[in-house]
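Got some structures for you, see below.
Next come two complexes built around subunit A: one with subunit B, the other with subunit C.
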Partner chain A sequence: MSLPFDLLHMEMVRYGKEKEAVARADYPKEVLEGLDKATSSLVYKALASRNAETNLESIGLRTGFLLAERLCRDLPRISTELEIMKFICKEFWISVFGKQVDNLRTNHQGVYVVQDNRFPCLTSFSDGTQYVKDAAIYLCFPCGVVRGALQALGIQALVTPTTDQLPSVKFHIHIKTKLT
Partner chain B sequence: MSKQQKPVGVDAKKMSSELFALTYGSLVAEMLKDYEDPRQVNLQLDKVGFNMGIRLADDFLSKQAGVPKCTDCRQMAETLSKNVIPAYLGVSATVNNWESGDREFSLQIENNPLTEFVEVPQDLTSLHYSQMIAGAIRGGLEAVHIKVTTTAIETPTNTVIKVKFIEVLKDNLPAGED
Partner chain C sequence: MINPGNGALCISIVGKENARLWSGLSDDASRVVCEVELFAHVSLDIVDERATKATENYLGQVYSDHLYKCFAYVSSTGVKFVLVTDSKSQGLRDSEMRAIFKKLHHAYCNAISNPFYVVGQPIKSKHLTEAAKQIFAQ
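Up next is the complex of A and B:
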């Protein structure tokens, strides 16, 4: 991944965080104050459409959709779910993240786990476990990209990242419904 | 799909510029959703560019050791158009329209990769789509102590960045430390 992209990604994260801070400032405080912890966390979840993660994911979704459309324009039709997953892990991953994934596993019931041991969006963090929490927000955009690409190929899925040691990351892809 | 099928269009360098252009486009679209006024979006894009420019200046100076020190606006414009823009946008730029005694000039960027997939709707004429590039130039120059103002103007064929030189910034010591 080239340098300007990393910088753009950093700026997107900053923009998302700033916007979230602004949105938080006009949450109805008087309403939230009187509530117990469980209820107020529910209210926060209801307001989550304005948080940084959602914002980044939706930018990624759009990008992934467009990238996948451009990439498979000249390819023959990819029909099965497994073929689509292979396409995502190979051609798509190479063209977007500059390398192949290191591992793809599935339970054959609609759950796929994509593992990348050296994920480009995380390489600027120092390796190890210290910054796992801070790195989380840098995975929202890639998640959106993967979900957008799957959507372009006709699969509705839920993509969640997990990482316990930087810079490796696992994307869990739960396939919900196949669009036909 | 046959296994032997050669992946089409997988050219890492080209795709990375596509990734950049599409990501930028999505970011602009998201910003337009967040702010109703395109002029607010211009400000945000300028800020994004500025922050990137500060870092790009470091990167540029560390990689391109042969670039001579600029002593006037003409040299600065030449370095920008011949070295900086090709290095980060992958296309060249031309300098023209010198005004007010060599203090203002325009950089014309042809085949701007950012606008390759973009058609800005008619009702968004006040949006400066490539304002990020203008911001990056401003940020980059500020990192080397040159204060300028920049605007990006989109024409049907190319992107024009107007640069106006303001002053050379001086390192001011904080008060009470002399």
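Up next is the complex of A and C:
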């Protein structure tokens, strides 16, 4: 079963990859030529603003920002950090990913771990550990969405996904600064 | 300057970092544009102060002088909506104000959903202009 969004998301990922391939063709060859592997990987990192992951993440950022504005419109005021995280895990997650998160943990020092045991962007992969690497790029957009929503609500955070076994994902949210 | 409606003169939307995003003026305010806009701007300090303690989005009347009154609403995302009315107008109850701000927030959401809009820049939007026109005409 695929939601229309999943189909769109697959195309977005494909487009992102294509765009990256085009951008790679533009990379300054004279710089990259004759470099050893370690240095050239560093140069690629410096050019990362044009890769597919960054691109998808920034689309997600904008989307999350708007969605958060739209969703909290009809809810009572959300102000504390914990309330914001609850909003993300309940209302926001339900309306974006169609279900509640399965687990939320925190160390009370600005690190939250959100666990989703059946993440909708990964349901088209077969379960297990076989495709974990290929699935990584499918988590960039959702990460951006979560980061954008947090930013809209006044929290600067670093969101990183980890997955050991599909389709379960853990999002690590490191809160950097709370804008007030 | 007594007008028969609700006396709304100016609506302005201000971002979280106090960047002015959008403002609309009623026809009655056309002669006192600077004054009204200045009033809206001045009341932002009080809006900030109230917003930290607020338990709901609608903040009520935040500031007034002998000419104008100012009502405010802050969304959970920190966007401030300020409505300046004539101080002589009586016909604005809290429930009506809530409805007005809800409508504005709705229009604002639609306006920023425009994919060509860059977040944080001043907004140009038909939705907002229409909503404001309706509010001024009430």
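Keep in mind that, in the parts below, the second predicted complex is superposed on the first by the 178 of 180 C-alpha atoms of A that agree within 3 Å, B and C clash if a C-alpha of one lies under 4 Å from a C-alpha of the other, contacts with A are read in each partner's own complex, and residues count from 1 in each chain.
In the analysis below, contacts are C-beta pairs under 8 Å (C-beta built on N, C-alpha and C of every residue); 3 or more make two chains touch, one makes a residue touch a chain.
Because the structure is predicted, anything quoted here is derived from the model rather than measured.
Student: Kindly classify A:Arg62 by the partners it touches after superposition: subunit B alone (first), subunit C alone (second), both, or neither?
Tutor: Both partners, subunit B and subunit C.
Student: By the touch definition at the top of the document, which applies to A:Lys90: first (subunit B), second (subunit C), both, or neither?
Tutor: first
Student: Go through the superposed model and pick first if A:Pro76 touches only subunit B, second if only subunit C, both, or neither.
Tutor: Both partners, subunit B and subunit C.
Student: Pick one for A:Met12: touches subunit B only (first), subunit C only (second), both, or neither.
Tutor: A:Met12 sits against subunit B, while subunit C stays out of touch.
Student: Look at A:Ala25 in the shared chain and tell me whether it touches subunit B only, subunit C only, both, or neither; answer first, second, both or neither.
Tutor: In the superposition, A:Ala25 contacts neither subunit B nor subunit C.
Student: Taking the superposition as given, does A:Ala38 touch the first partner, subunit B, the second, subunit C, both, or neither?
Tutor: A:Ala38: touches no partner chain.
Student: Please tell me which partner, subunit B or subunit C, touches more residues of subunit A.
Tutor: Per-residue touch count on subunit A favours B.
Student: Considering only the touch criterion stated at the top, classify A:Ala46 as touching first (subunit B), second (subunit C), both, or neither.
Tutor: neither
Student: Under the contact rule defined above, give the subunit A residues that sit at the interface with subunit B and also at the interface with subunit C.
Tutor: Of subunit A, residues 62, 66, 70, 73, 75-78 contact subunit B in one complex and subunit C in the other.
Student: Per the contact definition, I'd like the list of subunit A residues that touch subunit B in the complex.
Tutor: These residues of subunit A touch subunit B: 1-5, 7-12, 14-15, 19, 55, 58-60, 62-63, 66-67, 70-71, 73-78, 83, 87, 90-91, 94-96, 98, 141.
Student: Inside the complex, what are the residues of subunit A that reach subunit C?
Tutor: So the residues of subunit A in touch with subunit C come to 62, 65-66, 68-70, 72-73, 75-79, 152-154, 179-180.
Student: Which part of subunit B faces subunit A closely enough to touch in the complex?
Tutor: 1-2, 5, 7-12, 15-20, 22-27, 29-31, 34, 44, 48, 51-52, 55-56, 59, 88, 117
Student: Which residues of subunit C touch subunit A once you look at their complex with the stated criterion?
Tutor: 16, 52, 54-57, 75-79, 102, 105-106, 108-109, 112-113, 119
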